[in-house]
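As written, the chains take the letters A, B, C and D, and residue 1 is the first residue of each chain.
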Amino acid sequence: MELTTQKAQQIVEAAIKKSKELDVKMNIAVVDAGANLKSFVRMDGAWLGSADIAIKKAKTARYFDMNTGEIGKLSQPGGSLFNIEHSNDGLITFPGGVLIKDGNEIIGAIGISGSSVENDHEVATYASNA
Amino acid sequence: MELTTQKAQQIVEAAIKKSKELDVKMNIAVVDAGANLKSFVRMDGAWLGSADIAIKKAKTARYFDMNTGEIGKLSQPGGSLFNIEHSNDGLITFPGGVLIKDGNEIIGAIGISGSSVENDHEVATYASNA
Amino acid sequence: MELTTQKAQQIVEAAIKKSKELDVKMNIAVVDAGANLKSFVRMDGAWLGSADIAIKKAKTARYFDMNTGEIGKLSQPGGSLFNIEHSNDGLITFPGGVLIKDGNEIIGAIGISGSSVENDHEVATYASNA
Amino acid sequence: MELTTQKAQQIVEAAIKKSKELDVKMNIAVVDAGANLKSFVRMDGAWLGSADIAIKKAKTARYFDMNTGEIGKLSQPGGSLFNIEHSNDGLITFPGGVLIKDGNEIIGAIGISGSSVENDHEVATYASNA
């Protein structure tokens, strides 16, 4: 199944709804199966620098078909993927990037940035299931 | 007046509506007064390469406080601004980037890419007035 | 309140004055609320490479609305924001980037680079309050 | 003679004074003999996108030890330096970048951007002689 604009916008709306519940201000990015940007919103008052991070989290998740935090565990000093962040014009490997699936098929990814990584991940997970 | 998320999303929705009327598939980008990305949508089937163009059109319009096509008239070979496109990590200077105003105040810009420059400009103009 | 040129230049002058008191040679950068460069000075004899660092410190502070050293505490190996520096075309996350406020409103940021991070931060803090 | 901070700031002030006389809003950049940024100011209301252009004009002039408009004559289609703008992370080759000399010695360059290229060049020439 393709990640349609309608579906992407629903995911963004779900992320906004969850962010408001948590009283946080997020940058929200959705990419499709080709890791190309599909939808983006910066909530009012959200960090300017988190726009690029949200987009990079979404791309990173789809680039490697795993949530960003999983990659970050391996990219630490001494780890097997140390400094993988230098590839692909910059990866972000801490939590907040989550795959979007249709059943078992990966159809895209969402990246959230604007609060603690725990909140970023929570909003991303919630919205990816929307 | 600040360009709020709500306003930015209304502008995106207006651009989608106009694009459907014209039967074209667009990438739509909105930046705020600081030229920072606020909202983005790629319509189903729209060109992948137009995502970056839409974003650059919106930024270019706000960078110089004029519609992108106006800059393009001056950046031709022999023109006074020849090759200005090499600045700011890449400008796009053909039509499709239009300012968003609140009265006389510039509060952001919209960039549209995905069809002819005439259609791009028409959708951008329509949405900027939404 | 907008960060005017006059205000930005006063902040730069305050940074130069404090730097001379400390007998250090600094690069000084001021960005506005949109994280766009407003003023810059490299003092005589200051490190060439610190020009880019000062600009990146100012942008980084405004990108995340906190002093740069705060981000650096979280971006260490094993930290929650490890390698965040790869975003936004390069962040600088050690001390020396400080917010500029008008009351509670963030109107910009200053970045200082050219000495120890303690001195960088001291000059930035002094000038941001000027 | 070295282009000191004091001298650079005097040049910037002269550029601001001339800009106000012409009722234009400029971005003003000064580089030293090493083509490294020494001073920068964006006047209130000046175009955001002209910051990078002003810096690139100053660097371009010093890179090739001639005013930017001279290079632009050679970089046109069919010209001997066609598309030289692709080098050095982006050159700007229309008028507004002018050398700063001490007698016959080139000690730096100034770049001005924010109005017509005629005004940009006039302000740059005036300030470079200050």
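Going forward, contacts are C-beta pairs under 8 Å (C-beta built on N, C-alpha and C of every residue); 3 or more make two chains touch, one makes a residue touch a chain.
Predicted model only: the values in this text are computed from it and were never measured.
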What's the call on chain B versus chain C, same or different interface residues, using the half cut on shared numbers? same
Whole-Å gap between the CA centroids of chain B and chain D: 29
Would you kindly tell me how far, in whole Å, the mean C-alpha position of chain D lies from that of chain A? 41
If you average the Cα atoms of chain B and of chain C to get two centres, how far apart are those centres in Å? 31
On chain C, where are the residues touching two or more other chains? 34-36
Can you work out from the touch definition every pair of chains that touches here? A-B, A-C, B-C, B-D, C-D
Touching chain B in the complex, chain A uses residues 2, 4-5, 8-9, 16, 34, 36-44, 48, 51
Chain C to chain B touching residues, read off their complex: 32-36
Interface residues, chain D side, partner chain B - complex: 47-50, 52-53, 56, 72, 75-77, 83, 85-86, 90-95, 116-117
Chain B to chain D touching residues, read off their complex: 34-35, 59-60, 62-65, 77-78, 80-84, 86-88, 91
